[in-house]
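Across the two complexes that follow, chain A remains constant while its partner is chain B and subsequently chain C.
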Partner chain A sequence: MTDHGISGPATGAPLRAMLARVARRAEAVVLPLAALMAGFAVFSLFLLMQGKSPAEFFSLVYKAGFGTAFSWQNTLSRTAPLLFAALCVALPARLGLVVIGGEGAIVLGGLAAGALGVSLAGAPAAVALPLMALAACVVGGLWIGSVGALRYLRGVNETIASLLLAYIAIALMNHLVEGPLRDPASLNKPSTAPLADALRVGDMPGWDVHWGLLAGIAGCVLAWALIDRTTWGFAARIAGGNVRAAQVQGLPVGRLILGFTALGGAFAGLAGFFEVAAVHGSANASLASGYGYTGILIAFLARHNPLAIIPVAILLAGFEASSGLVQRRMDLPDATTLVLQGFVFVAILISETLYGRLRIFAPERWSTR
Partner chain B sequence: MPTHPFSRRGFLRSGAALAGAAAVAPLSALPVSAAGDLTVGFIYVGPKDDFGYNQAHAEGAAAVKAMAGVTVVEEENVAETTDVQKSMESMINFDGATLLFPTSFGYFDPHILEVAPKYPDLRFEHCGGLWSADKHPSNVGSYFGYIGMGQYLNGIAAGHATKTKKIGFVAAKPIPQVLLNINSFLLGARAVDPSITCQVIFTGEWSMAVREAEATNALADGGADVITCHVDGPKVVMETAASRGCFLCGYHADQSPLAPDMYLTGAEWNWAQVYTDMVTTTMNGGSIDNFVRGGLAEGFIKMSPLGPAVSDAARAQFEATKAEIMKGGFAVIKGPLKDNAGNVIATEGQAFAETDVALESMGYLVEGVIGSTS
Partner chain C sequence: MTDLGIWAVPLAILAGAIRVSTPFLFVSLGEVLTERSGRINLGLEGTLVFGAMSGYAVAYLTGSPWAGVLAAAVAGALFGLVHGLICSLPRVNDIAIGIAMMILGMGLAFYFGKPFVQPVAPDLPAIPLGWWSDLPQVQAALQVNVLFLIGAAAAFAMWWMFRATRVGLIIRVVGDSTDAARAMGLRPALIRTLATAAGGAFAGVGGAYLSLYYPGSWNEGISSGQGLMAVALVIFARWNPVACFGAALLFGGAGALGPALQSVGVSEGYYLYYAAPYVLTLGVLIATSSPHRAMTGAPGELSITK
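Our next item is the complex of A and B:
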């Protein structure tokens, strides 16, 4: 970025330069927070219309999501799949692609891990678990990567393609779990055969939260490093800003699209791996439980910044962790949390239109002379 | 982020602190339970007003709620993931629940099996009948009802009502519990007229309104004039079938309010009786059996009152068969019987009574059912 040549009295320059730096960076933090607050405010009006107290709602959310040791474990144990699911949206988004079908990669990644785990029974965990995780990554990567390929090679809208592929993935999983891959002993809940105990991913020591959380955080950090610290990430950001300009510069736009969609899908596949290896112990229809869709909200809320995904995913997991207590205490239906998420999502989308328009965040426009 | 490890004592401490805070905070409505009171938690996989599986359980919970000295806490739309594990623990930690009814079949393995050993003093009762002494914790129980008998009685009402001799079944998945219901429905109808056939359509999901409506329309288009189903929420099937002029046989709960004129009868769960019995046993200091089963005679299931479209002849056969079933040992699956691929299921004289465990691994559709399990 070049010097904007801010004019002014020489004595005020250092202060002014610092303020300018803060202001430029503040936009990315202040606007999403303001949108979040606006979403909460509209939701509070909604609660008041229902004759319910917003104060009680938010205090219950705090208690059940973050107020006690149990609440934290509850929140964090829901966070892992959300981190991966959000990465599946955020990575392609840096290229300007809106991929909303991460659910499909989660489901098929989990299925691949579960099916491979069955045939690896007896193998040492140090070999089998990485192979299962790899299988989940490959399948998830191929699934979402194919969305990128359709986009680049055939001009197929990636949003629609990924959503429809998610339905196909779920149908495929159901077919395989109820047919060729079914454990004959799973009578009334068709599943793949249970994983051997040695092939289960356990909890982190002293916590009731499985290792997927740490892996998810590591994934977010890696994705951030890729985007912010490598030439690939730089190229992707250029292509995301203006694909024609990127092509004129000779950037490999096709490979970037394939790579970023496949990487996003691989992360979503990992979510499926942890669901199977850490939670369910086998692959079945419970894999399709909507994490992929919550991931969309998280990625948008985090403005597709992988580091910001971590706190946002924890916040959203906290909301989900508290929805039970809200139901029980306030006699509000389960859909209440969905309504809240909906208001927040709309507020975030509206706030997207404000970037670069508010003078307070644009030091080069501060001078009125 | 807390750095101290997770422990039950930690729970109790924070729970107590929370309860203390709540007692002073005017906004909170934490139930303050007196000594000797029992808090019972119910968890549902779908909405509790779904006219189906979840509503049947919620009606049972409502009966428990009406009992003196019992506090009921409920949660709906809880997925069969970490969600249900945490919902159980949340009810335990924040509400002091000591008896839990996580009602969805898929909550059992691994979720209840994961949570129950952490709370050996509490009781987990699961609907589905999966518990076995050598594999599962002793503070877990499972219960289920012989609702196939209800579908057999549905079939009798349907057999008298059908004019096309074609009846229809909208089914979720080809699993034993569902197959038994389909076979029972057809065999009930064939007890009226052996020429009747039953077309089955599997939607592949427990709850997928669009496919249920499509399946119902397809059955009506194919000539079926009495329709029943086994999906979580029968509302869509019932309303669609009624709009196509088909008679209805209900399932899970009473769906007669949806189409009173077309509703013949229905196979309903009677969880109110089962749950109030279990809660009474617990409050009296007794212990609930780990493995509980029952049918019509034991009050685990019941039939919806017969509707206005049921003829006198149908009513007579319905009541006579119901009386037979009430005596116990009734067999719907009995020889000579073949499946719809021609394989012999039961030879002459062979019979599988409602309590027969062989029925629980059923993998076939009987002769007369049009459809396939795969």
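Our next item is the complex of A and C:
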């Protein structure tokens, strides 16, 4: 058997090379899935300790999130903002930046789109809607781009700065919708004036899901192409690994940081645009509903890979879509979803320590005898 | 009641600085302890909220606010311990773990805290230091809580500990150089884990102050980023416990600006004043950070300043 590698290279080598490739790729899929399962397992123990049935919990999530055409539509409608919010974390993460304030860009992007939509009432939708989307992108991009600028120019920690800016954004939105931009007719819930029907983004033909889902998926594909298929993405990966080395190589680190944070913010702004134009019909406090924070978990679960964000976002959207029903049926508090997310998040981060350490995924285990 | 006119504003800010600063003080002292050992714990916001819930719940169930403070400290230490143990694994990002622990801490606090939103727990006692004044406003402003005094004493004690004691030296060595600490026969991972646990206990006590004194009730909106601001404040205070005390007073005053102006009838732009502490924190971060040189006083092994 010892001379097998010499006597049969023609048949053995391609197979082994393929196994090595599969092993290397499998690590990036199997470990996050295992971490997800571990998070679910800890959460199940948590439920058992409360005398609640994990089996009932997960079967209710399945039924209410993915069981019927109706629940799928509910899940997919919630997926759109999560895709954008996760991109706002994943793009800066390529440069090694942990930006967690996407909620602020969602809120202000939505507010910008809503306010512009009011002043564009009567304009043709083909002109007004792209302008509203653009306004949301610009505002969101400036908001998160300024986090990148502060990081590069002043060395301000981007994690803390982005979260502070999210609080500031929510206060700014509250100020504007309660004051200068308030529709006097909105009594109980201060809002901007409702958008004209022509300026509402509708559902995709044949579905009860608005166009934001398609836009979000397109955004993920675009972001993937940028990271994986362009020199910009390649340069960003180098700068994320080692800033000094990137600077020595003459890479424009400052422009990369600004570009990636601003692009992430622009995506988050789009989430706000779709929330206003497709879901709420006006900008109000509902914009700050936590999509930005769920997006952080999604990006980490997807290991900041934009294509992996799509299935992960759908999964977590299903959990959010089913949360109301599950909590009512099982008499659980609203925070149950947050607890589950916390356990999964901790599990996924612990799994980071296993990369490259499990021999089953090592290519050389398969390529050499 | 005497009408103080515009003087009510600085008085209210002073009162606010004393009342609002305590949670900032405790969280930032905990964070100084953790960061001096070379780790950052961004999850103290979650610890603060969980401390607020557990302190309130235990104070309600036992009837003793001090039992609540103790419970909050123990809960905070447990959160810190989990954070510290996970960070001891190779290649685990302490910033990301902090975000995860923040979500988990808030989730668990809201989950277990739901039955305690309605009941009324006993408050922590306050000492009337305004007895010399006839003005009821001054007397109200100088109602100083015992925890504020304990926090102020802890700030000076911690400053002395870092400066003059063996424990303080060990924490500083571990925070400045893992290699040097190993060469001295110290175990950096263990010391960092213990420092993170102790830091968590401080943050838990800060949370208990929120629910047991000011604002003095438990609900899901009890903290709006105080834990996170306190972490930023540590950079401003250059990892010096006594400077943390001053910074906490400054932030407390900023937080009291909105309610103070509202009390004299300025209600315009209420939400903008509400944003004042966040804007101040960001401004302070921008002013005290630098892209070119290592920050003075920063522990060498700290990931955010590398």
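Everything below uses one rule, namely that the second predicted complex is superposed on the first by the 353 of 369 C-alpha atoms of A that agree within 3 Å, B and C clash if a C-alpha of one lies under 4 Å from a C-alpha of the other, contacts with A are read in each partner's own complex, and residues count from 1 in each chain.
Everything that follows uses one rule, which is that a contact is a pair of C-beta atoms (placed from the backbone, for glycine too) under 8 Å apart; a residue touches a chain by one contact, two chains touch by 3 or more.
Since this is a predicted model, take the numbers as computed values, not measurements.
Visitor: After superposition on the shared chain, which partner residues are touched by A:Leu19: those of chain B (first), chain C (second), both, or neither?
Guide: Neither partner.
Visitor: Going by the contact rule set out at the top, does A:Val138 touch chain B (first), chain C (second), both, or neither?
Guide: A:Val138 contacts neither chain B nor chain C.
Visitor: Where does A:Asp334 make contact in the superposed view: on chain B (first), on chain C (second), on both, or on neither?
Guide: In the superposed model, A:Asp334 contacts both chain B and chain C.
Visitor: Using the touch definition from the top, say if A:Lys63 reaches chain B (first), chain C (second), both or neither.
Guide: In the superposition, A:Lys63 contacts chain B only.
Visitor: Once the shared chain is lined up, is A:Leu222 touching chain B (first), chain C (second), both, or neither of them?
Guide: neither
Visitor: According to the stated criteria, A:Asn74 is in contact with first (chain B), second (chain C), both, or neither; which is it?
Guide: first
Visitor: Taking the superposition on A as described, I'd like to know which of chain B and chain C A:Val30 touches: first, second, both or neither.
Guide: A:Val30 sits against neither chain B nor chain C.
Visitor: Looking at A:Glu275 after the superposition, I want to know if it touches chain B, chain C, both of them or none. Which is it: first, second, both, neither?
Guide: first
Visitor: Based on the superposed arrangement, let me know which partner A:Val243 touches: chain B (first), chain C (second), both, or neither?
Guide: Neither partner.
Visitor: Taking the two structures together, which residues of chain A meet both chain B and chain C?
Guide: 171, 174, 178-179, 333-335
Visitor: Can you list the chain A residues touching chain B in their complex?
Guide: Residues 53, 55-56, 59-60, 63-64, 67-70, 72-74, 77-78, 171, 174, 178-179, 187-190, 206-208, 275, 279-281, 284-286, 289-290, 320-321, 324-325, 327-330, 333-335.
Visitor: Using the touch rule from the top, collect the residues of chain B that touch chain A in their complex.
Guide: So the residues of chain B in touch with chain A come to 1-2, 4-6, 10-11, 14-15, 17-18, 25, 27-30, 47, 73-83, 85-87, 89-91, 93-95, 105-106, 109-110, 128, 173-177, 204-205, 360-361, 374.
Visitor: Mind pulling up the chain A residues that touch chain C in the complex?
Guide: Against chain C, chain A makes touches at 98, 100, 150, 152-157, 159-161, 163-165, 167-168, 171-172, 174-175, 178-179, 293, 296-297, 300, 333-343, 345-346, 348-350, 352-353, 355.
Visitor: For the complex, which residues does chain C have touching chain A?
Guide: 42, 86, 89-93, 95-97, 99-101, 103-111, 114, 220, 224-225, 228-229, 231-232, 235, 269-272, 274-275, 278-279, 281-282, 285-286, 289-292, 304
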